[in-house]
């Protein structure tokens, strides 16, 4: 079998050696390994891909036992296992379309059993991909209750806000730490609040961008996963900026979802380590 | 002769026709022409390069007379005439070096008769290029008086702040509207205030940038001329960001100075039109 | 009405003045104007957007009469009129999907009455967008005859090869000069022939790209319209390069189609002028 | 002490474990570790930064002994030790200036005891940085003999061709495998031979680039280290392309030299692995 091990722990001597010993102990071979020690938080993070003749429960036990003394946070899964996501949308389709397209193409190793929205607009698009669509009720507490239920019933690993134009409650956000990915239509830091492309136009910027980040209780302030930009000229109207922005948002969100699905994102305080 | 005409006026019918008529009237031929009507300010801006057998005073009179009814703001100069700049620096050399290097190479059509600084650090570098170096006094009013004097005595067209780590008084800034170019070590908007690369690191951004802008009385809020960015990873320390930032700052400031020197920057409210 | 005038002629004095005079003569106002004189071919090209109270036939006659002495190549059309395209595909959907998506979004001012393919694979995708799909016969002469017929019957302005994996005959290409846009999965120049991403991998390049170009009889050698690139690392497999390449191809082809649809591409010998 | 270990060997089980065991055996701690298995060549490459209380000879012996069974190619050096380079130039200064500037700034951990050139043009620039300048004789065999002598006498680790406009003999190139870095003023592949920017202009490309690569006997065909590009418009003359190209060449060569100086480049056949 082929498995992905991720490990986060306090930096200390002998971590990699413990990992390599444990891998040997389960007859494994290291296919890929990436590690980083964050000097600010003194966290050590590692992502290792392992091949072994043994089963997942077997290597899982051996690795967990061999690394337990590091007091780590560990995940182990088969490389081919797909993470399960629900996508929340409102009316705009560009980010959702890109996710569905890349998934169909086999480039995005995620399962999307369900798309939820507070509007009906994208039902046809979602259902044409053979995915279930559910309308959320207008009351925030009821909507979040329905999302919570969907997460449980569908064994969901993470939630993607693909231009979901609602602010989630702090309580909801804290229930899913580093499990909700949002696309923000601006740099972070950048223009805060509404109509960022209009603000960008008014300010006369020559570059616009978008940011994919984890959602925390503090709006637009979660750890940044991925950012990208495009150069724009004086001739671009706010509408042109919105169109250019759509292309950036789409790319940045899909990239962040792919990184998450491949266990390549690690938290170190308010920052991310990306392998 | 070969001349550059720039024109800014309220948008109104017949502007280009008045220009082409005037160019014909002075036996001229249009080599390049760019124009833009800014919908926000309703300003029309135009940059035209003209060839003519007549002298600069002759074509200047014909063009000014032929365009006077538009109540425009006009400039006319020989294409080969170089704008004259003074450069203000503190201790960091990267932006200054790039300006001097590009000027020597013939890529930056400016004359730099003088570099002023509030520290001695860069004197040797400046003088090795055969350029005069003057130390500014520590008191802000005396320093600005000395800069004003230097501008007058050297027929200076614009002032370049190449990492000049002093805040100019509002009075000084307003004396040179759209004539002072600063390089800001961040996007605008972005991290305000000191140590932006440390702020960028703390925030965990994946992209850093720099902004060249005109200086107004409102610190870091003048019209943006040019911006550029670089992608950075979690492994970059604040010091790495500073090094990457130096390369962006250097490129962005030199580009802005070149645009100014070639009369390619127009103001429309708080935004710039760049040809 | 609002119209786009394009003009190409030998460079000569008085062209812009003739245009502005003709625009005044039809009570018009110039909204946008771009021009360029290509020093290599001595061609003058201009794209002008005009507002007028008069009808298209009226301003068309006035402009054509007023500019006839320049012996120009001219086109005049309503700004809101959409160019009509057919898209040729084989099995890969990424470029086609992007065109259909941008068209639905209103960002691509084209009409696509028909998609033609030498395989059935994309029929469902095309028909789900309410667009007719036609299968081409395997014999090249019959296939090209069917395309020719489709062009005539649907008043087609240009042909888009969205990963159409057939080489068109020289005769066919010459029938549609500067009217067939292809996406090439490489820089031009770059890797010639098949499997360019495998070649790129074998050569160990750190950047890959794609090129949209007009098709001429000389394979992969037509005038370049648009190019873009992405950085790639040693870890990218040929399959990764293909996936990254898909994203570049998609963006580059859609950009080129948009430029064509907006009359922003001019030919000057084997090069393009892009406004 | 702080040391960099690099290792290249045939891929086989237990490599990382052998490394971590050896590091423990010399009381070391792993600060950074990067590894990659190249599927094409089946080579395993690893770069490890180690902290230890022991001396360089001590850890060097322990590591070499502990890894010997892998039959590896190994290098171990103090992290602060600077690699020594000679730079070969002709008349153009932009790449040399950038290397000298970055070195002075402390961003380029190399020692440059000597610059050699077949022309006198850059003597003053070199000597103003306190570096020795030597003129090479016109005969190729004598020039290469002088370079060989300089390499020996100055304990040189690598040779940088910073726009050195001479073709080195195959014999010379093979004497320094993966030790000569050249900057090529084009993509690879791309325009071969002379005047690539003129060729790029004639072909009407929308992107130009530069490539830093190791020099092999086969001209312009060595393993690629780094590439970068810039977008260019139809308005750019060949001279504009040359100027834009200078900026790309400069950045790309300095980046490649930095990667080499930090032991981040590994060869895998004709490709490079870059950490």
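Order of writing sets the chain letters: A, B, C and D. Residues in each chain are counted from 1.
Heads up, the rule we're going with is that a contact is a pair of C-beta atoms (placed from the backbone, for glycine too) under 8 Å apart; a residue touches a chain by one contact, two chains touch by 3 or more.
This structure is a prediction, so every number in the text was calculated from the model and none was measured.
Visitor: Counting C-beta pairs in contact, which chain pair has more, B-C or C-D?
Guide: Higher C-beta contact count between the two pairs: C-D.
Visitor: Centre-to-centre on C-alpha atoms, which chain is most distant from subunit B?
Guide: A
Visitor: Taking the mean of the CA coordinates per chain, how far is subunit B from subunit C in Å?
Guide: From the centre of subunit B to the centre of subunit C is 37 Å.
Visitor: Express in whole angstrom the distance between the two chain centres, defined as the mean CA positions of subunit C and subunit D.
Guide: Distance between chain centres: 42 Å.
Visitor: Tell me, which residues of subunit B touch at least two other chains?
Guide: 36
Visitor: Looking at which chains touch, is this a line, ring, star, complete or other?
Guide: complete
Visitor: Would you tell me which residues of subunit B are touching subunit A in their complex?
Guide: Residues in contact with subunit A: 36, 38-39, 187-191, 202-207, 209, 223-229, 231, 233-235, 237, 268, 270-274.
Visitor: Which positions of subunit A touch subunit D when the two form their complex?
Guide: So the residues of subunit A in touch with subunit D come to 13-17, 20-21, 23-24, 29-37.
Visitor: Over in the complex, which subunit D residues touch subunit B? Could you list them?
Guide: 94, 97, 101, 105, 107, 128, 243, 246-247, 251
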